[in-house]
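Chain IDs A, B, C and D follow the sequence of writing; residue 1 opens each chain.
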Amino acid sequence: MTPSAFHEVAHLGHVELLTPEPEASLRFFTEVMGLRECAREGDSVYLRTYDDYEHHSLILTGHSTSGIRTTALRTWSAEALKRRVAAIEEAGLGIGWRDGNFGIGQSYAFRDPDGHEFELYWDSEHYTAPEASRPALKNQAEAKPAHGVGVRRLDHVNFLASSVEPNGDFLRDALGARTSEQIRLDDGRIAAQWHHFGNKSYDLVYTEDWTGSQGRLHHIAFATDTREEILRAADLFLDAGVFIETGPHKHAIQQTFFLYVYEPGGNRIELCNPVSRLLLAPDWQTVTWTEIERAKGQAWGLKTIESFHTHGTPPIEP
Amino acid sequence: MTPSAFHEVAHLGHVELLTPEPEASLRFFTEVMGLRECAREGDSVYLRTYDDYEHHSLILTGHSTSGIRTTALRTWSAEALKRRVAAIEEAGLGIGWRDGNFGIGQSYAFRDPDGHEFELYWDSEHYTAPEASRPALKNQAEAKPAHGVGVRRLDHVNFLASSVEPNGDFLRDALGARTSEQIRLDDGRIAAQWHHFGNKSYDLVYTEDWTGSQGRLHHIAFATDTREEILRAADLFLDAGVFIETGPHKHAIQQTFFLYVYEPGGNRIELCNPVSRLLLAPDWQTVTWTEIERAKGQAWGLKTIESFHTHGTPPIEP
Amino acid sequence: MTPSAFHEVAHLGHVELLTPEPEASLRFFTEVMGLRECAREGDSVYLRTYDDYEHHSLILTGHSTSGIRTTALRTWSAEALKRRVAAIEEAGLGIGWRDGNFGIGQSYAFRDPDGHEFELYWDSEHYTAPEASRPALKNQAEAKPAHGVGVRRLDHVNFLASSVEPNGDFLRDALGARTSEQIRLDDGRIAAQWHHFGNKSYDLVYTEDWTGSQGRLHHIAFATDTREEILRAADLFLDAGVFIETGPHKHAIQQTFFLYVYEPGGNRIELCNPVSRLLLAPDWQTVTWTEIERAKGQAWGLKTIESFHTHGTPPIEP
Amino acid sequence: MTPSAFHEVAHLGHVELLTPEPEASLRFFTEVMGLRECAREGDSVYLRTYDDYEHHSLILTGHSTSGIRTTALRTWSAEALKRRVAAIEEAGLGIGWRDGNFGIGQSYAFRDPDGHEFELYWDSEHYTAPEASRPALKNQAEAKPAHGVGVRRLDHVNFLASSVEPNGDFLRDALGARTSEQIRLDDGRIAAQWHHFGNKSYDLVYTEDWTGSQGRLHHIAFATDTREEILRAADLFLDAGVFIETGPHKHAIQQTFFLYVYEPGGNRIELCNPVSRLLLAPDWQTVTWTEIERAKGQAWGLKTIESFHTHGTPPIEP
């Protein structure tokens, strides 16, 4: 990586999530999570969080199984897009250009070494909210939802990968990511790595897939305005019959306040809140956690739940 | 007052609020405040907060003007009801018995010295939530609303009165209320008094009506689970176009965290949160605030807003 | 119980806690929890929470082992004290009168059927804070502590008992307590019972002692102003090296937001927050949880931690 | 500005604040705000917020009057520093190189067009906390303070300037800043401008000085972990006798939750919390507020307090 590559990718734009239960999943994302529907096409419903300045944050697509289809990243500029595409092609992982839709322009598709599909794009129209959800404050994309959890933004994606390190190498080399934290097992293997593109301390995470399979998803995460909104969400999930896997609690790694649930299609969804934490140091040294440190559990002592190591999407036969 | 009269009234049950804008007011209470409709009759819609163990918390009635029609208090027992009715009749302020409806049994109507109408009742069916709003936890009346503010309970009523003291005397003598705090002006007049029936530090408040008129309302208040839910509510009010009068801030008197808005019918509505404060002392001495102390404004220095002294319902010609 | 006995006990006043590590325990309660020292006598340090209107909330006494020595309850009046003493003596559980000290007058000592010692008193001087901790608001006992967690009040005591039911019967019959919630095992045994004296939904709790021994303590609890202060406390505990047993999370029973730690003397201490929940119904029916319902864990799904069933004070040889 | 100049300044590093009441100001910053002292030299005390990865966040210097002496910014790299120094010298505003101290290396001093002094530096040692304040989590600079407010970081500086626009032009041209929001008066004058260097939506602000004088300070701001910590701080300020100017409330501009106080030396200090808001768009268009929009007051309707337009430091004779 040349130092200048950092900042070439601006942020996570949106993801496409697959669900075998499209109606129930849609109800979960709109009625419980408080996302708003902004478009439909084919088997896909386009949804947005209230503070997304672009057209959509999540494409929910009915499918034979669950999992993540695409993770779309916006570059810092048109030139940054060209440079990153060149780097991806040099790495031999490019797929090619695709036409955009619904406010997102042409994007370049590619795969990470583990096979997860990504898209990289620059052109993006800033969203104008319809009358019904027009915000009172002009520095905000859309009114804060009165319904459901009302998450602020799509925050990060945590991928499962048969091998963690090659993906981190690729993100750093081709996309200019930096690695803020990681877990190194006693045998030297990297069990998980957290990467970021700006002052958020992570945007993309890779976690080792215990099944050895490729291209799967651990979870996608949405950020709330406050920790209290995660506690309120826990009550809403409870009454709505949503399966709560673990939390609320605070991660030791990245210190995120979290809550994990499964949406009806089986995908793990995290609510997260960083409690004002930002990564400002330009020379941040990757924090490496050892196996014994991880065995202590989460920040306040909660043991990592077993299913955290056994549930991924799509599900696979053992 | 005989000491034993304290605890004879258990708590504030419900109020009937009048509105000249019944449709807009109903939308405010259901869509913005998150109350649930539980019955209709004539011009009235019955609404409930999620943690009310009785049938309804608020009766919203279309009318030629705004204001409060009735404040209903539940007694501690059938015997307490008899004793309080005797005391009210002795004071010459009784109106008489009324048939109940929607889960509330027979009630005894009366007036305070300023002319506000009250009802006192004992019989009350505990509410059973319908399937759609059944709570996950069996020690809760109804599921916490996913929509709107989602207030927990009707908390207190603040009445305007041409003269404050006679009403406090009546509440103490006839109903066994205690006075937790009050404002005494330099000329000796009591400008406001806060009364309570249990560990909540106030349930009924009287504030001097600057117009000298009788029977008017300063505000009714709903308690939220947390202060953070009041901050979230402020955002919802802003986007919904609800008029915010003052707050969020913390009252010096009673230390309540508060936010005041006007519902579309013109009535002032408070969101309040006590932040765990309770009045546990059986020998609490009434706290008296002087004119100079009150001039300091609210707890953290916010000046009391002018309209707080000029807006009451129903509005009257000066 | 005659109905009128409810309300004869006003509230939990203070407890005496024993510790084999008096210096470390004192540092925990003052530097981490934010209680203030208000007196010393012999091996005891008197400590207070900031919103306690009486002289002290906790007596911390150096001793050969841990556990609770006395739980002091204040009555509603001098007459109520006489009536309750008569009822206790009739039950054959009285010990006798004791002189008071530090603002608390004469108290009557007795034991519950399991052998835990209690005191009942009426005379109590309202606390006047010294200059250094004088509150800005005159309706508050003392300034909110700038140091440590800064808990508001001693909230409740949870006793271990060889048999739960006789203690609840005694509390109801002799002290006028009411039972708000309980756990009934499949074999009919009551595994735990929550009792209250006012609008707080519990003040004293009995939990079955798995060792069959008598007179032990499960935990004492302090209430914070907000849930957020419990989350902040978790961070302070972490950095101060305090052992966090479980939480923060929300109990299904009583819906309390909680965090459990062990103080250096080994006693379990809870931080709790009721999130505005009050028990207002005069005819509340005891909520009974079954064994299968309890197996679901806490409100948001956290499994009850094993040590919750094995750690009590004083520790005993198995 | 060449597009690449954005990101050359990484973040606000520290400021030097002047006070005519050095002892009282130091007590305010350590005992009330919860900063920790890390060094002393001459009339200066070096203080740090708990999550600052560098040596210090604030230099507090005893002086004949109040105000801000220096604002230090860290560049993204050694090369970025060279390029920015060249741009500053080209603008004719350079002062020259200075030796660093206490972990900060050589810095380049300069002035903005209004005369405020700045320093730009790259070399900076990452802070290692002493045993007494070592954090439990290795991805955090120092333990969260148990004492006082316990602010996370120095967040931004708001300068008064005789003319706002030239300073914004300079920040953009020489330092690569971007302007996220601004106020344009009806006569076309820019009354205030908010500039940022990363995903925080502002780091440096210029507000028109009503006195026409130069080089003064409106306020410096510290970020808390949560809004709730600002509400807790308001209680601490109240009991500590700190003058609260306005708040807590939410700004319309930038949507920051805020509280303003004066430290004993007279400088205005803000507590701020962004509630997870970040500026992620690489093509964010400056939001311009009109005079009429500003007249609406803050987000939830609080009128901007008069002293906000009349108090700056150092004070000047009218």
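Basically, contacts are C-beta pairs under 8 Å (C-beta built on N, C-alpha and C of every residue); 3 or more make two chains touch, one makes a residue touch a chain.
Quick caveat, the model's predicted, so the values are computed rather than measured.
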Those chains which touch chain D and also touch chain B: A, C
Where chain C and chain D overlap in contact partners, by chain label: A, B
Chain pair with the higher count of C-beta pairs in contact (B-C, A-C): B-C
Length of the line joining the C-alpha centres of chain A and chain C, rounded to whole Å: 44
Rounded Å distance between chain B and chain C, as computed from the means of their C-alpha atoms: 32
Residues of chain C whose C-beta touches two or more other chains: 136-137, 225-228, 235, 238, 299
Residues of chain A touching chain C in the complex: 227-228, 231, 234-235, 237-238, 244-250, 257, 259, 299-302
Residues of chain D defined as touching chain A within the complex: 3, 7, 10-11, 51, 53, 74-77, 126, 136-140, 152-153, 181, 198-200, 223-228, 252-255, 273-278, 280-285, 287, 289, 293, 299
Partner chain D, residues of chain C touching it in the complex: 31-32, 135-137, 143-144, 146-148, 225-226, 228-229, 232, 235-236, 238-241
